[in-house]
Amino acid sequence: MKYLTDYSNIFTRYDLNIEVARQAARKVSKDELLQKVADSVVQGDDEEAAKLTKQALATKSPMDVINQGLIPGMNEVSRLWDEGVYFLPQVILASDAMNAGIALCEEAMGKAMDKKGKVVTHTAEGDIHDIGQVIVNALLNANGFEVINLGADVPVDKVVEACRVNNPVMVTGTALMTTTMTAFPKIASQLKRLGLNIPFVCGGGAVSEEYVTSFELGIWGKEANQAPGMAEDALSGDNWQAMRGKWNG
Amino acid sequence: MKYLTDYSNIFTRYDLNIEVARQAARKVSKDELLQKVADSVVQGDDEEAAKLTKQALATKSPMDVINQGLIPGMNEVSRLWDEGVYFLPQVILASDAMNAGIALCEEAMGKAMDKKGKVVTHTAEGDIHDIGQVIVNALLNANGFEVINLGADVPVDKVVEACRVNNPVMVTGTALMTTTMTAFPKIASQLKRLGLNIPFVCGGGAVSEEYVTSFELGIWGKEANQAPGMAEDALSGDNWQAMRGKWNG
Amino acid sequence: MKFSSQMAYKSADEMIFGTAIKPVKAKRGLVFGGGHVIPEIVPHPRPGSEKTMKSLLREYERANGDALERCVIVGHPQLLIENEHIFQMTHNPKWGGEIAAQSAKQMDDYLQKYGLKAAYRATIADLRKPDMVNMRDSDYTREVIESFAECAKYADIISIESMGGKEVFDHAIIRNDIAGLLFGQAVLGGIDMEWMWNQIVAIAKKNNCIAGGDTNCAQANTAMFMAGGFISKDVPHTLAALSRAICASRTIVAYECGATGPTKDCAYEDPIIKSVTGVPISCEGKTSACAHADLCGNVIAAVTDCWSNEAVEYHDMFGGTTTAVFTEILGYDVAAMNASIDLGYQKEFQACLVNSDKYRGCHGFMLSPDNAWQIGKALVDNNESLYSRGKAAAIKCGELMLGDPKLKLSVFEKESLEGYMKDMKALPDKEADFIDMCLKKYSKVKGFQPKAYGL
Amino acid sequence: MKFSSQMAYKSADEMIFGTAIKPVKAKRGLVFGGGHVIPEIVPHPRPGSEKTMKSLLREYERANGDALERCVIVGHPQLLIENEHIFQMTHNPKWGGEIAAQSAKQMDDYLQKYGLKAAYRATIADLRKPDMVNMRDSDYTREVIESFAECAKYADIISIESMGGKEVFDHAIIRNDIAGLLFGQAVLGGIDMEWMWNQIVAIAKKNNCIAGGDTNCAQANTAMFMAGGFISKDVPHTLAALSRAICASRTIVAYECGATGPTKDCAYEDPIIKSVTGVPISCEGKTSACAHADLCGNVIAAVTDCWSNEAVEYHDMFGGTTTAVFTEILGYDVAAMNASIDLGYQKEFQACLVNSDKYRGCHGFMLSPDNAWQIGKALVDNNESLYSRGKAAAIKCGELMLGDPKLKLSVFEKESLEGYMKDMKALPDKEADFIDMCLKKYSKVKGFQPKAYGL
């Protein structure tokens, strides 16, 4: 078969046009050991992170290991992801590593560390397309939120009940099918009825901005990487109207 | 350029597969002159129809010329059209010829002939796509209905007023644009408010069955050639629900 | 204005998609007819969005933006976006202008951020319905002209689907009346276009904008859609084909007045136009199934320079919004065509497109490059008047259809065509006589005002 | 079941669209892979229509009917209609059966009235989500099997998109974990398919129905869609390409169990499958933009026997309903391909399709016939186990990507790929060792039940 040498009239590799110069993660700690802890997070190496956390805990307080090692490492990863240097798997692996370290610190403290706030996540009733949700979970986690992960195919009542019990700053839903996204307005209206005016971010392939902004509480989530920013807004007290104004329209 | 000799793997000429054997119009009158009148209608020759009608009127009553010459000729055309032998232009031309003859008969009678019933037709406000309506007018006309033709781009109020004044057996609307078809439910609701439960047949490219059957009075018209049959039903007393049941769903 | 007197192409063999004798450059690096085919996407706003200028701006921002974004996602190098004005955009000339400005800005951003080359075509709505307004002297006429002026400031290309002669055509098409088609399409249409296009070309020049072209959508497309597919019985396909041949006499007037192309996508007469004028053309076929069905889905691409979807209402599909979806499809359509050009296989590829439909139906047959060229030739060889060249084109088209045994015609279609041929041969030779005859014959056609055409 | 040990095609050059080594005949005169490409339209019902069997029957009556009608309107000679079951149609096996019966009846009518040749494919929904049910022993499992039995009575073809290994894959794909892909896709997927497809083939035989095929939609397509276009940052395209190569090891199991094709449209691995098995395949590319975007819109048609839109929700467009619109487009797509075959230009046409995308992205590259064939060869040359052949396919795919300088990779993509290659080379040689390793490594993956795979 004949092949061309110049393909410029046929396609453009925009990914190469916009390729982001690689950057190393910055140094985040003056303490050599804590910097190593952070590095293990940046490298997404959960075994290494656990090992180094154990070492660090021998000389440092669990909160210091968390706040000067694990979390600063994760923050670097988030920054590099925001700037387009890192890709999703790097974020997920870093988050796994951070969590491995945090688990050990919590063990050492004898109690769970304080998270920024709770977020309830779920995939709609009848829908098993949960990869979008899995990403959202990981990113929220990586950004210090406590994720109440209800999983896939979750009945409306179960979502509402989880909101009532946990009183999260935000609740999210994912739906990839036009036949399942209809659960979202039902959830919103039950939350309203219970006086739970929790911002309800809905995303997933089937779901359009028009649809989500057609019911109260609803805010449309286009990309999973918006989830942490949205949760920050909710945490800082923005109500659903303010959030919708900012993220949609 | 290279050409094939056998195109059977590329397209199928279904029109040839279903080509209808040609048939001549049948004889409709024993009277030689009236048969000629009918023939002139079948041939769609309005000048000839006028000439022969004048001749016939010298010896026959206007109602005889109409009922035994002009209308039977037109009926033959309708039959051949129904059977797929004739095409639209033949129907329109025949209808023009019949109307030329009828005008002369009416002149001779000194009054308009009785029509089967009135039908108000229009194209929606803001819409100038009126060819569908033009066909509907011609077919209704050809089938003996009195057409109150409001033309294109007709305001909602004008349609409602025409219905109030004329009390037709049926009203039709044509819309080719999604932005103009929204006039139909408005018309329907005003008619309801005035207690005018007239079957309202809506057609035109933009208009779907779902849309038309979503408001009361509405019956969806897929093809212009359904219009005469629908008008017959309305004339025989079917209400809009019965008509919708029959023609839609 | 001078009637074209020779063919731009010496033979149909020289005509190929992607290359025109007179290529046209737009801003941001696009060249139409410069060697490769460019996709043209046409979004249509959703009902309700036309309520305010703000809501309509937002609607186009998304619809056009999604098209640009999809190019970047899948790697399509070039895009032409056409916004066909809805009533409100021309009725309020500022609206059309603002939307053009916004779109140009979006395209500048995409060029800068990603290197995507795009261009914008504003197609003004011809609000002048001949049986309702005076074509040359009405508020609508003034709004149309003002809209051109507003849009020419920002758009790369301006176009229109002009309406002259429509009142007579509508009467004639459902009556098998070939004289009415010649009068409505070729004569009245041509006269109105000359009046209109001299103004459009002047506006374009003043604004350093491209005067694209016109289409006989209002008439030849109506005939084609009424003829429909293989189960319609509204208008014979042979008559629709003659109507198409006739309309070349008027559509070409735009280029005779100075328009340069890219022509309007829905002008199925464009292959004929290209054979005569050499301007880059835009065509639509299979990928405009979203807008209408036709029987020449592939062959119509055989000599095109842009490839369009005609119009798609903006809404969501599983794969994204309709404008994104159709941009992706059009872009892949042209990627294969452009690959064929760069590989040197364009003639083989063209043969596949032509063989797909040349004998599927009358339109595919007459718009096949060889026949389109011959019809163009009849046009220039009989260029005494709008009438004479329109009639010559139609007669040639009829002869071709009757002369090629591979084009199967039903008995009805064939007899109809023989009738039209007889009718045409019985018509007066001179345009003046023909006009006299028609002024009488159509004096009672609803709304026909000879004065509005200077007659 | 025996693992394939040789290639059906001696070289990639012998592979062409429209012709398969083992053509398959359906009722009503259709032959898949018998010399010409057949369009495959897939309608999806609107939300709400699934409420009752009656409303769903009506929805499919229209959606399928519009597709058949459009063929007659524009002259397309052949059509395959696929109905992909929504949840309710498999959960209530009678529903799927009734819809198949109704569709067969519609097709009989169109054959009789117009001479249109059509066939019907029922794709059962695999309701067994591995992390939620026991794959071999659950109510859902029984419903799936029962649905096959119901549909096989009326359908020409039965298919499924099976789910084995999905739980491990989901965990692995977002962690750059190539071992997880090999285990989830090749090993667990292959084991589950053998269990499932022996049953499907038996049901098909009993009912004189065609056992179509399977697809790794649940995994390789998820990877491909996550990799996305040129601005996504979820999964490297190189990893998605490896995931595709790996999945050939499991998708081919259907044919090793006796399925004959036409394969499932969304199985982008099909060109590899065809190179090994010679069964007719169904592919989707540009004209499935209605369902998703991809970077191999044309090249994926290079060796296909059916051409599909993947799925389009039934609703109105200007040009008719979506099923009519996409049937028209698909039909014209294949009309040009079939014209190229009959003209003897199929190799030139194929080159245009391939050159359109071979270097657009990793998927287009590896699915280009030459590379697909080589990956198939690696598969059969290493056919000791599901694992060994999946790994060999992936390594070959990686080598090809790294070895062709025309395939540009970003620094990130390239480094990722080098990492995966290193990881693969470090894996155990023997499947048994690999499985042992994975049973440990993935023991905590949510819902993973080794027993459900007989492990």
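Letters A, B, C and D mark the chains as written, and numbering starts fresh at 1 in each.
Simple rule for what comes next: a contact is a pair of C-beta atoms (placed from the backbone, for glycine too) under 8 Å apart; a residue touches a chain by one contact, two chains touch by 3 or more.
The shown structure was predicted, so the numbers you read here are calculated from the model rather than taken from an experiment.
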item	value
Chain of greatest Cα-centre distance to chain B	A
Gap in Å, rounded to a whole number, between the CA centres of chain C and chain A	50
Chain B and chain C: spacing of chain centres that average the CA atoms, whole Å	32
For chain A paired with chain B, centre-to-centre distance based on mean C-alpha positions, whole Å	63
Per-residue overlap in chain A, given as positions that touch at least 2 other chains	2, 4, 10-11, 13-14, 18
Where chain C touches two or more other chains at once, by residue number	72, 75, 230-231, 313, 318, 335, 339, 342-343, 351, 355-357, 360
Chain contact topology (line, ring, star, complete or other)	other
Chain pairs that touch, as defined at the top of this document	A-C, A-D, B-C, B-D, C-D
Chain A - residues contacting chain D, complex	1-4, 7, 10-11, 13-16, 18-19, 22, 81, 84, 86-90, 92-93, 96, 126, 128, 130-131, 134-135, 138, 152-153, 178-179, 181-182
Of chain D, residues touching chain B in the complex	35-36, 72, 75-77, 113-116, 316, 318, 335, 338-339, 341-343
Residues of chain B that touch chain D when the two form their complex	2, 4, 6, 8-14, 17-18, 205-206, 208, 210
Chain C-touching residues of chain D, taken from the complex the two chains share	44, 70, 72-75, 228-231, 285-295, 297-298, 311-313, 317-320, 322, 324-326, 328-329, 332-333, 335-337, 339-340, 342-343, 345, 348-349, 351-353, 355-357, 360-361
Interface residues, chain C side, partner chain B - complex	13, 46-48, 50, 86-87, 129, 132, 170, 174-176, 222, 226, 230-231, 233-236, 313, 347, 350-351, 354-360, 369-370, 406, 408, 410-412, 416
